[in-house]
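Please read through the structure below; I'll follow up with questions.
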Amino acid sequence: MDLRTAVVGLLVAAASLQAQAPARQALVDDLVTANHILANEGVVDGYGHVSVRNPANASRYFLARAGAPALVTAADIVEYDLDSNPASSVGNNTAAGYMERFIHGEIYKARPDVTAVVHCHCLDVIPFAATNTPLKPMYHMGYFIGEGVPVFDIRAAAGMTDMLVSTPALGQSLARVLGRRSAALMRGHGAVVVADSLHVVVAKAYYLNVNARMQLQAMQLHGDGVVGLSPEEAKKAAQTYERSWDAWKSRLPR
Amino acid sequence: MDLRTAVVGLLVAAASLQAQAPARQALVDDLVTANHILANEGVVDGYGHVSVRNPANASRYFLARAGAPALVTAADIVEYDLDSNPASSVGNNTAAGYMERFIHGEIYKARPDVTAVVHCHCLDVIPFAATNTPLKPMYHMGYFIGEGVPVFDIRAAAGMTDMLVSTPALGQSLARVLGRRSAALMRGHGAVVVADSLHVVVAKAYYLNVNARMQLQAMQLHGDGVVGLSPEEAKKAAQTYERSWDAWKSRLPR
Amino acid sequence: MDLRTAVVGLLVAAASLQAQAPARQALVDDLVTANHILANEGVVDGYGHVSVRNPANASRYFLARAGAPALVTAADIVEYDLDSNPASSVGNNTAAGYMERFIHGEIYKARPDVTAVVHCHCLDVIPFAATNTPLKPMYHMGYFIGEGVPVFDIRAAAGMTDMLVSTPALGQSLARVLGRRSAALMRGHGAVVVADSLHVVVAKAYYLNVNARMQLQAMQLHGDGVVGLSPEEAKKAAQTYERSWDAWKSRLPR
Amino acid sequence: MDLRTAVVGLLVAAASLQAQAPARQALVDDLVTANHILANEGVVDGYGHVSVRNPANASRYFLARAGAPALVTAADIVEYDLDSNPASSVGNNTAAGYMERFIHGEIYKARPDVTAVVHCHCLDVIPFAATNTPLKPMYHMGYFIGEGVPVFDIRAAAGMTDMLVSTPALGQSLARVLGRRSAALMRGHGAVVVADSLHVVVAKAYYLNVNARMQLQAMQLHGDGVVGLSPEEAKKAAQTYERSWDAWKSRLPR
């Protein structure tokens, strides 16, 4: 390769990076908004996290460094490779990462179709995991529950633990239980939710919880006589949830 | 018709339109407020809609173009004919309409007494639809529940669907199930509520949900021993809800 | 009576009125605050009302004219005699009064010890009235529930009605059911709560509702094994609730 | 002791006090924040209190004078000895103390490992105390519930009372029931929670209540089949809750 070719190649690469910069910034901003919405709507409290795959490089994902979702800013976003090691950094690369970031990395590895992941301690689903009560899709906003929502029990993978999915092996176990589905409950812990966009994953996490609350109410009325969506209805009722995102964004403080 | 007659006719028509304009604007403003109240009080989230019949032309109704109720402005309101085609427009006539606007148009056709319609995914009524548990009027604010609240099951009308009332035929089926009543539940979806004014329809949608929550609590105390209003009491206890509107309006953000 | 005596008498009366004016204004301001607290804490919504007896004249009480509690101002307060006719007025004497103001007047007649009255549609007590489930004092903040909380059924007094206590006779029936107690439920309607001060009546209405919610939860855990306060504990645990008032006042909007 | 020695000793003591002053002020500020967080997150209402042991003197603790937690300022903080007598004062030493401050003093005496104490009327735990239903750790955030949460019944210690832990003897009884654990329920009253830091005690009080709510829901799904954390998992899942504190602090009004 002569100098000229090398220089041209360098210029092309630089131009490509520059062209990607605005898209990257927009995605990071959307990820910050996703953090704030999840906190403001009570899907996460001080704990829980949301990530998005880098659309320009499918083997990278963006996730905030360890911190409360309500307080995340663009400077907190780190880019990880799929082994969940920091790759390049938007802000401070040396900041501590979430101990459970392997949830994200291992699911992105196992599921090329997944673009965004939420891990939450959604309060209304934990009683379902604690009693092995299958979730049912109660209305079209919870359509994806029709795929089934398996329960990940960390004991089956690793015996007695601190309940955290804090190693690649545990992330792989969780990804296996999740399979091709949109969500899995985690016994004594919470849930993981995936989707093909950041807006949709936020909404699925929100409605997973809402749907659980309604199902509990329905079971109190008539335990074994609850009729939600049929499997076929659930498939047909897929949502973009774009109006939810608009409404939630408009409700953020400041 | 001579020129003089034509000109006079034109002037009369223009004056009439001009006279209607403030009333029309006031109604549009009230419809915007209704959208915001329903969102702020949690009757709708990013989804759901509210319409009002044009008092100057009973074969037209006003409804926002597709969007989250919390964000609706006067510029978003469209005037529809009863086949739910855009008629004239307040704002941008070409904007996409709600896919389920046939709920509104077909009910206005079938019910000349109805002036306003709400469609919501009210969370507390969905468990009642999922278990076919009849709603009872628990207090005077839920008096209209004494008429009975039927359940519309879209399967009976159209088999396996995406759950949406997105055609004139489905709107007609829903209107038939609603009959002469104030409200109908929609299995796996939500509810539709009608009234003879915008203020009353907002309140009926709100109290339908509140009443369901109280009924579930009462059934937890004493399943088959719940005594709400008798049919005669329910008829006598009709409300204007005007103070609710005042209170809710004063709570809107900004 | 000579002129001198008359003039002196007039001056004395005027001085007395002037001396009372600041106290009266302070009481009216407190009554406005009570309205706002009850609305802000969800004890009342657009409906419900609170009154206070005139400490300078035991046969008069203050109550807002008909309107949503959240919006009451000092100018809305009217002074009523115990037959619930407007006596003198702080603001606009000709404004429509609450149709159910007889709840207040007839209780003040029957209960010289009562200084303040709340009528609310407290949502958590209505299921108890609907199922004739006796309320129990679950903790010291609900100590007064140890006196027993009877249920007023308007059918027993007047057959089929619009559920409203809108006549002196109905107010007397309600006062009879209330007896010497702090609170009575009203079937299909709500509750009435009384106390010897405005601050205490607001707190009793609030904690009546909170206590009902906790009792329902306890009964879901162990229906007939719920142990709250014993009668003697309930008597000893009387509260002033003054810190509640401070906290609620500090939370009011603006 | 000659004058020189006395003066040097005085100067050393003054320097030491001065060195402690910033740490003391920071702790007082953190205690004020703890009061506000507990109120803002609904763990306490107008009643309840939180204290912290003086790190510079283990036989002293800081607690606000009697008042609603939401309104506490640094000037309200009093330093108590372990008999709960005012020792020195940050603000106004003569202000009335909480009648139940013996809860704090007697626990600090009995538990050298305890650095902070919360007493609350947490609404979701009272039904568990009223029915003697053992609390279980439902998820890792409630890990400390795995130690067991005993119920203090004031009748066993003192017969018929006003329910208040208002004497040293009652404080000692409560401390005995608490034992080595993180929390004890108080029948007909609320709970006491302890920890080795102010941030952790606030979080334990919060999650004690959240965990109770989830356990009730799980028991409604499947009464005797609720599986939370195993004892070993609970031990391993200990939390610092530091992100919760960050998130709650950022949500405080103003």
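Letters are used for the chains, namely A, B, C and D, taken in the order the chains are written, and counting of residues starts over at 1 for each.
One rule holds for everything that comes next: contacts are C-beta pairs under 8 Å (C-beta built on N, C-alpha and C of every residue); 3 or more make two chains touch, one makes a residue touch a chain.
On a predicted model such as this, the values are computed, not experimentally measured, just so you know.
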Spell out the chains that contact chain B while also contacting chain D. A, C
Name the chain whose C-alpha centroid is most distant from the C-alpha centroid of chain D. B
Rotating chain C so its CA atoms sit on chain D gives an angle in degrees, to the nearest 5, of 90
Inter-chain centre distance, chain A versus chain B - centres from mean C-alpha coordinates, in Å: 35
Distance in whole angstrom between the CA centres of chain A and chain C is 50
Tell me, which residues of chain A touch at least two other chains? 220
When you draw the chains as points and link the ones that touch, which shape shows up: line, ring, star, complete, or other? ring
Among the chains present, which pairs are found to touch? A-B, A-D, B-C, C-D
Chain C partner, complex, touching residues on chain D are 39, 45-47, 66-71, 121, 123-124, 126-128, 130-133, 155, 160-164, 187-190, 216, 219-220
Could you pull out which chain D residues touch chain A in their complex? 137-141, 210, 213-215, 217-218, 220-222, 225-230, 232-233, 236-238, 241, 243-248, 250-251
